[in-house]
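First chain written, first letter: the chains are A, B and C, and each begins at residue 1.
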Amino acid sequence: MESTGAKFDVTKLDLWYGQTQALNQVSMKIEANSITALIGPSGCGKSTFLRVLDRMNDLIDGVRVEGTVLYDGADIFGSADVIDLRKRIGMVFQKPNPFPMSVFDNVAYGPRVHGLHARTAAEKRHLSELVEKSLVNAALFDEVKDRLHKSALGLSGGQQQRLCIARVLAVEPDVLLMDEPTSALDPISTAKIEALLDELKVRYTIVIVTHNMQQAGRVSDSTGFFLHGELVEYAPTKEIFFNPRDKRTENYISGRFG
Amino acid sequence: MRRRGSVARERAAFGVIRGLSLLTIAILALIMGFILYKGFRFSNEVRGTVLPYAERSPDGLALVVGGGIDLDSLDFPVLYGMYTDEYINWAKISADDFDLLPIAIDPAKPDGSATAKLLFGESADPQWGGLVKTVPDAAAALALLRSTPGAAAILPVDALRASTDTKELRVVPIRRLMLAANEDVVALVDNRSIEDLDDAALARLMGGAVKNWKELGGPDLTVKILSPPAGSTLAAAVASGRPLSAAKASIAPPSMAAYETALSGTSGAVGYSLAADAQAAGLAPLTLKTVESGWNLTWKYLVEAPRLSGKVGGISTIILNTLLMLALTILIAAPIGVAAAVYLIEYAKQGPLIRVLRLGTETLAGIPSIIFGLFGFLFFVNILHFGFGLLSGCLTLTLMILPTIVRTSEEALKAVPRSLREGSLALGATKLQTVLRVTIPAAAPGILTGLILGVGRAVGETAALLFTMGSDYKLAKGLFSSARVLSSHVYLLFAEGISFDRAFSTATVLILVVLVFNFAARRLVGRMGGVK
Amino acid sequence: MKRRILFEKGAEALLFACALVSILTVVFITVFLFQRGLPLFAKTSMAAFLFGTNWEPTAATPHYGILSFILGSVYVTGLSLVFAVPVGLSVGIYLAELADKQASRGIRAAVEILAGIPSVIYGLFGIAIISSVTRTLFGGSGYSLLSASIVLAIMTLPTIINVTEVSLRAVPRELKEGSLALGATHWQTIVRVLVPAARSGIIAGVVLGMGRAIGETMAVLMVGGNAPIMPSGLTGKVRTLTMNIITDMSYAKGDHLTSLFATGIVLFVFILALNLTVQLALKRSISGTEGSAGA
């Protein structure tokens, strides 16, 4: 893999929760405008790795990180502003976490905290256009257009998750990090979100953590397999699934452990 | 067999437990029922000398007052006081806030002499008060009545009937019948004297069932009942008042003069008398005990300002002071308390220091309110020179309820799922934006519940307020103005011996306020359960 | 960006200040109380203060003996517990083990309302009902140790009921099921397994109620009689520490005021000891039953 097109360039990343090492010498390059899947058994470090990319681990006491993570060539732990970083790198969580406010306010939340105030009519129109566009892009608009100003908590689980995606899109990021975004959803909702991912990939770089190997196989271009905090194998998805180089990967893929 | 015995014992034990549980409901029902009942209805033993039979037109006269005076009937001694300068305004008579203007028709006129007779009896020379305004005739009196709020006039009933415009006026019936006895009846003999007569005793006495005053706790004298001379004013009044069964008289004097002489001269004599005559003749009245009842907590009580330490008037300013106090306390306590909770939950490292501080606050949360009162009294009132007033009181209350607010707010913030905070932060929101726009709104019902609980505690507090907030029952004019609130009013009405009835009425209002807060808090808790 | 960080820091500092205020005020009150009260012992010995029975703060040679008030507080509180504990325990057991949904909802609402009634209203109720009942039954003025204790018992009931119920519910199901599975009856299970297992929680509740009772002012002030003498039997008048403070507060000056603060210290020490006991008991009950900390 060439370093030129890489969105993320991770080198020798170590991470400790207190005394416990959760990531061990992980190096990985993530291509722009592709879907990268991270798979592995529970507790293998894949979610932790994902959370490193937009520095969500900062929120946890006692976390120590070593190694470098370059994002568009700049060190995310360096002088970069974490707020700015998170604005450009969106994250969708395992369980849908809509805020207890209306659908509209949920999507408008990001733009608002970044200083888009709907004071004038033009600004108001701009905000509602942005909200609508984000909802359309998250394939949710048709389902919620009649209830934009009702509580988001009334949506179904799948709708809530797409709302969370729309909420991220409204901030206009260029990376989407997704932490098992469909694990709490039914198969139909899952299919909708997977279809959505394929559309979004044109404009965004997507990193998705999943423990559903079929999902990784269906949606991703590259796949990384984590085990005990190590990146065991990282290759184009087809190779990982049909021709794994590492014995442990093969065992996991064929369902022998995990 | 043993088994059956033990089963019976267990059932008995369960029965006792169930009974005790129902007892708590019973206690609550008793307290609430009693306070509310006493708050809405008063029912008091009244001691007085006049019998409870009011005449609308004594001697063909009527006491007429303006419509603004709230008076259903009047005892003769009060009427007498009105015309002898004992009262200068209506406050002590009907709790109305008008200066009193007693009007009488010139005693030189026939109508006027009747008035003098009504007030001062047959024989004495009239003791008119300086306040009394004499007018030449009934028409002039009526005109003055209509133009002066607080005026009262004694007029011939016929003149009143003849008048075309009496809409704004009201006739107040007078109670002037009393029981007079010979002095040796009411005298203290061997440390015994006649007790206050209640309705039953009165009926027995005048019905002839009591032969000797001993039976009523008085001296050892035979009861001799006098009947009023036929055709006298007294006889008419007794007949029209329809008092107890016609007295079984043992003596029937022919004239009023003889009647009075008989009363004052016959040992053990007793008979009806008009208050004015008794006063003029120096007869000893028997004290009667009657039960008065009526509505206590009226709309008027809520909307009128208190006067004379709350003896008359209502509690409007006190309710407003209470609301001011609550608003100010919340204004001070809520931001500090919620901010403290936000810091402790969202910012502070959850280390041993925080744990010690929390243990400390929790342990000290049990400080009794009197200690807060003592502290506030010396620190705010005296050292900081805030004086007795709203500010001192509210600061003291703030200290008292702050731990409650902090703790409930902490619980509410803790209950907000991590995922919401992460969702916001992942969108690039700052920590403060996340706290203000996501965490606090999500925790709002819980925080609000804490605030309401705190306020509920503040509204019922007395010990901490008595010597910090002061006890002025006027509307507080500023932060440093002394202010009486509902709870201290309840206490002071009792402690200063002003009025038990009014204490209960105020207590009822206080209970209702507390119940509203309780109910609101419960509703919020219910809603919170729904969101989670 | 710099402005934003500055703003965030400023906000955090403000929040920190508020946290500090809310915590430090409590410390401040404590320190203030001691600082104002302790000077009394330069004038009169601590023994004379604690064990003297002569309260003549305004006499030419003032005496500040508060033993009668300490005993008053202790008697009133103790007697109130005698009434409140059996009832409170029973109701707690009923709510946790016996009551159906409707009954427990009703009782719980009643208990909650009881807990919210202002103490001055308890006082009013005490004068009007309890005083006259005790006067009729036992004689005396009705303003007595007995009346005060009964009012306090009602006031402490909610605390005892709540904590008892919570502690009983915190007992693991397995204990109860284990007992029932051995053929024990429901009653035996309650008496021999549940109550002992919830013991420290229940004790904590009782001690908590005790703290409430000893710190209560208005209600006892209105029904206790407030005579500054040694409590003389159930129907005698009584003055507690709290009553002593509020009675003299309005006019106390100089050493007299200091002596009220010293009275406050005694009260404070009582409360502190009780609450520390609660904290310890609760900690034990949590580690003992591994149940959740409900209280």
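Definition applied: a contact is a pair of C-beta atoms (placed from the backbone, for glycine too) under 8 Å apart; a residue touches a chain by one contact, two chains touch by 3 or more.
Note that the coordinates shown come from a computational prediction; the quantities given were computed from them, not determined experimentally.
Top-ranked chain pair, ordered by C-beta pairs in contact, is B-C.
With centres computed from Cα atoms alone, the innermost chain of the structure is C.
For the pair chain A and chain C, the distance between C-alpha centroids works out to 55 Å. Centres computed as Cα averages put chain B at a distance of 31 Å from chain C. Chain A and chain B have Cα centroids lying 69 Å from one another.
Chain contacts: chain B has residues 430 touching two or more partner chains. Residue positions 4 of chain C are each in touch with at least two other chains.
Counting only residues that touch two or more partner chains, chain A has 83-84. Taken together, the chain A residues at the contact with chain B in this complex read 54, 56, 59, 61, 83-88, 90-91, 93, 95, 97-101, 109-110, 112-114, 153, 164, 167-168, 171. Here chain B touches chain A in the complex through residues 349-350, 417, 419-430, 433, 437-438, 441-442, 531, going by the rule given at the top. The touching residues of chain B, counted against chain C in their complex, run 6-7, 10, 13-14, 16-18, 20-25, 27-28, 30-32, 34-35, 38, 335-337, 339-340, 342-344, 347-348, 357, 359-375, 377-379, 399, 402-403, 406, 430-432, 456, 459-463, 466-467, 487-488, 490-491, 494-495, 500, 503-504, 507, 510-511, 514-515, 517-518, 522. Residue ranges on chain C touching chain B, taken from their complex, read 4, 7-8, 11-12, 14-16, 18-19, 21-23, 25-27, 29-30, 32-33, 36, 86-87, 90-91, 93-95, 98-99, 103, 106-107, 110-114, 116-125, 127-129, 154, 157, 161, 185-187, 208, 211-212, 214-218, 222, 242, 245-246, 249-250, 257, 260-261, 264, 267-268, 271-272, 274-276, 279.
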